[in-house]
């Protein structure tokens, strides 16, 4: 999932022929001054922080400037500011326009119907989550035929546009559909799609590209603004990495087993922190990698829950013991391991000989993990 | 059906990324001299008459020139020459290349399977009609998925290429498929697809665009080199116009009825000349238009065979009588009319009052037409 | 259900406010068809010849229970009109519109297959079951209820032959005009099984023409699976090779698809092949007598 | 046929020469499956673990009568591999490959629908019927023949639960791992009718997870059409809202697709819903006792 900053989304829109304001991205006050002085963007301007979180308007991440001095003040205040955990590094400057109406338009996947779903609303400008269901038109779009004329008419119906905007809608819808399909997007969203001087203009752009399609889209590979260094390492090794609020580290293989492990831990009062999902694999090398990655996240205690399918448990156990020796003493943590599958008894023996708690029952393992954390905390651990 | 001249087909190929020789079209000896002098195309060159008929190589419509003088001679000889009924007005000059192998590749519609069919052969350079069936690989291409990898491998199998050509094939096949689909082509054919210096090059291009898709492709509307003026008028009025060897003009509505009419005429010794098919309509205005168009083709006798569905026969008859008065005396011809359907008795009465032979039986009508032609010829008509 | 349409057929006419749409709405009603709705976007609420007009097929289906669509909309919009009908749950679409690009028809055909919607046409006369219903444009005057099935690639030639059947005192069970475009939704081999299963059909008249191999495939099917007598006529015996005989796209290529190959295939499959269209009715009567159906 | 695979199943492995392909070919054979062919373009003529390798699926089908494909080819080539299998007449394709773009899966799913090929997966464990055949990668050790059907969106969690069923002395009729990707070829509502009709299945264990609405739809189906007892477990009760819990794409959106909504829907449909995975086997035994099946 590659969430694109607004300006990158708008650049895609522009390529597909969706009208956008003629803006510029700046990364310093000097750049901003240049943009206005050269007339690339004329005052008054709107200054939009290029962060991925929503609610920028209310949160002070969208501001206005009417004079060069005002602009300097606004840009200086915004660059470097924190917004919902993101640091503002880029600002998009666009001419301030008189917005007539604000509409909503997006295309995303409908998993149940297995077709893309276009969503339109005549009441745009607010987040879709806050819109009432009866204000949303849902139009399934079959991937083999694209948007049919009658579907465009339905969108036209909820937008109730007048010319020239009404004439522009069909082309804009086709362009949005093409962008969704050809860019391998998970989401293309225009909110608001505004009527400005009678014409349709995409005032915002939210585009999410599917990670799995990166072999077709190397151009998105470098856009990873929203990842921590550990997340980046995990991604390269194809390990799902999620940071939660607690301190217990969880390593498991498979999304379902990982979630079930968290469920059981929570049941016994454990608070998961980082968790790593290796996917469906039980490849010993990947177990080792996950283990070393986990060490870097400095958990208080680690629960390793692997269901071995292909690999034998003793092989996984040996890899784990070897990995344990690579963790520096300062990063050491208590480990509870549960490895099920072929040769699981032998695997447990190997782990226990190395001083690792090895169990086979999930419930008992979870209890042991929670107990180990309590002891560590009681012992004044980090 | 818009048959494109080779150079236009190659221009499409170039746009889709299919490699072609870097040639120039010339319409005079002076232009040809310029092309060589400026180095746009280097000597020695191949000079190809831009006619639509096949068999140019054997028919002297493809020649070579190694010096500027030779080029002048060749161009002067070729411009204005007749080739299978076409006048040569344009020549394509291309650098002469050392052709390694000649392959065949095309995509056209398979009507029965209702999918496009890609045809490939390792033995190109001759017309496909003369290739043995077992030398042709037929690959159905589903319009919803395009060319799948395994289908490309099958083509690669019959081509047996070596690098770099083998690496280029996949992209070339995709490009040809896209050209076929996006240009609304009836046929895209590369014959020969040659291996030149190890690379694939389309040495010829045969592209036929579908008439019915002209609403999507206004760019092809002006390319009508292969139509006579009468055919052009017919096309505008949506009347199918075909010129055969005989003298009898036939007007009918519907392809099947038109063919059946010719079958019956032939049975009684009649030789159809021009025939006009109005399509499924019995619109009196269109009957009148066809009648006036037929008059311009100067037939010896005309057989009008209309099956009236929607319109009443008396309405058609009145229109016909009115049209008759618009034909100049010099262009007059005997007419046998058969109009079936609603009010056919009344229709026949109207025609007969105007001196037109009107019958209802197809066999008897055909006999009457053949008889009328005999009489006209016996009477020393044109 | 007879074949495709019957007295439960409830027709929606897409493009009802156009000239053709209106004319044939009247004709279908005169035939006795339940034409329950028309569709023309933007003209919802109007009436055409007593038929309510809706803005969308979905509305028409919801309000009137329409189950068969007859499409008259212009070629550039036909593809989307068919998609609309399919998405609205219509399972039989008769497409009268001519000049639809075959690339569009490929999409329509396969989308129809995927969603379970049968297409008759395009550029076709449609379907009629005398005494029951008509979805299309075949002239009402040529019909008379009876037990002869007719399936044809031609338009007016079909009217001619159907009329001839009436004139010798016989009648038709169902007549299907498939259309002669390069890509048709229903071909002979798709239509013949419907007649095979239809208890109201004793014999089938097959009207073909040169070009393509649909008649050869029909002959193969008849030979292997069809139990009822067949009388056939193939138009275009005198057509010169390589000439395009009409916009329907009848091109002869590579010696296949000639009148001779079609006639011979059908004869070998046991069909009676007429030399001329006016011979068909008598041959039908003869085969029916032989089969003891008359 | 039990559900999807049985002793007539003849497996072709697409991508057999890759590491995963080879490993699981061995495992499928150890399970007792007839693995009759492998396909890797350019490696035709080779053998992998005694299985002949072909250059194309069409060759494999022609030479070995393969009727089920298990696809291990890398994601960028998976779409075309599936199209190839479909075009070669394969009617069940188990796609193990992970990371297939969902846009590709949309094409594959609808192309499969059009041509009549069912997909299990992608990114899935596949199908296994103990004592009969396995098309996929579920570890052999967890199985024992029996009368409990299992259908799941998870991988290893399924192994865990299937293993648990074995450990309480019960066995499985068929186990289907559907995969948890955004677009799956077969979802719960597609799989449940197979178990309903299967005389060898007495009870179904449904293993779901948060995200999407597949479990809610399954509950609806169970309520209306499913007559056998159902024991369900939904993973992710403790997952915080808005966090992506794995590459499978389990995102909670708009209050739908939560563990609570899924659990409550299933309970209302009459399913027994386990709080934790280790509770499932006992609940299965209990429902079977109640139903008099054991």
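Each chain gets a letter, A, B, C and D, in the order it is written, and its residues are counted from 1.
Simple rule for what comes next: a contact is a pair of C-beta atoms (placed from the backbone, for glycine too) under 8 Å apart; a residue touches a chain by one contact, two chains touch by 3 or more.
In this text the structure is predicted, and so the values were computed from the model without any measurement.
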item	value
Neighbouring chains shared between subunit C and subunit D, ordered by label	A, B
B-C against A-C, pair bridged by the larger set of C-beta contacts	B-C
Whole-Å gap separating subunit A and subunit D, where each centre is the average of the chain's CA atoms	28
Centroid spacing, where centroids are CA-atom means, of subunit A and subunit B in whole angstrom	56
Subunit B: positions in contact with at least two other chains	142, 144
Shared interface positions of subunit C, touching two or more other chains	107, 110, 114
Touch-based graph of the chains, sorted into line, ring, star, complete or other	other
All touching chain pairs, where touch follows the definition stated at the start	A-C, A-D, B-C, B-D, C-D
For the subunit D and subunit B complex, residues of the former touching the latter	41, 55-58, 77, 79-81, 83-84, 87, 107, 110-111, 114
Of all residues in subunit D, those that touch subunit C in their complex	110, 113-114
Contact footprint of subunit B on subunit C as seen in their complex	23-24, 27, 75-76, 98-104, 106-107, 109-110, 123, 125, 137-139, 141, 152-160, 163, 180, 182-183, 187, 207, 209-210, 212-214, 217, 233, 235-240, 243-248, 250, 254, 275-278
Subunit C partner contacts - residues on subunit B that touch it in the complex	1, 109, 111-112, 114-116, 129, 142-144, 181, 184, 186, 210-213, 215-216, 238, 240, 242, 244-245, 252-260, 262-267, 272, 277, 279-280, 282, 306-310, 340-342, 361-363
Residue ranges of subunit A in contact with subunit C within the complex	142, 144-145, 148-150, 153-154
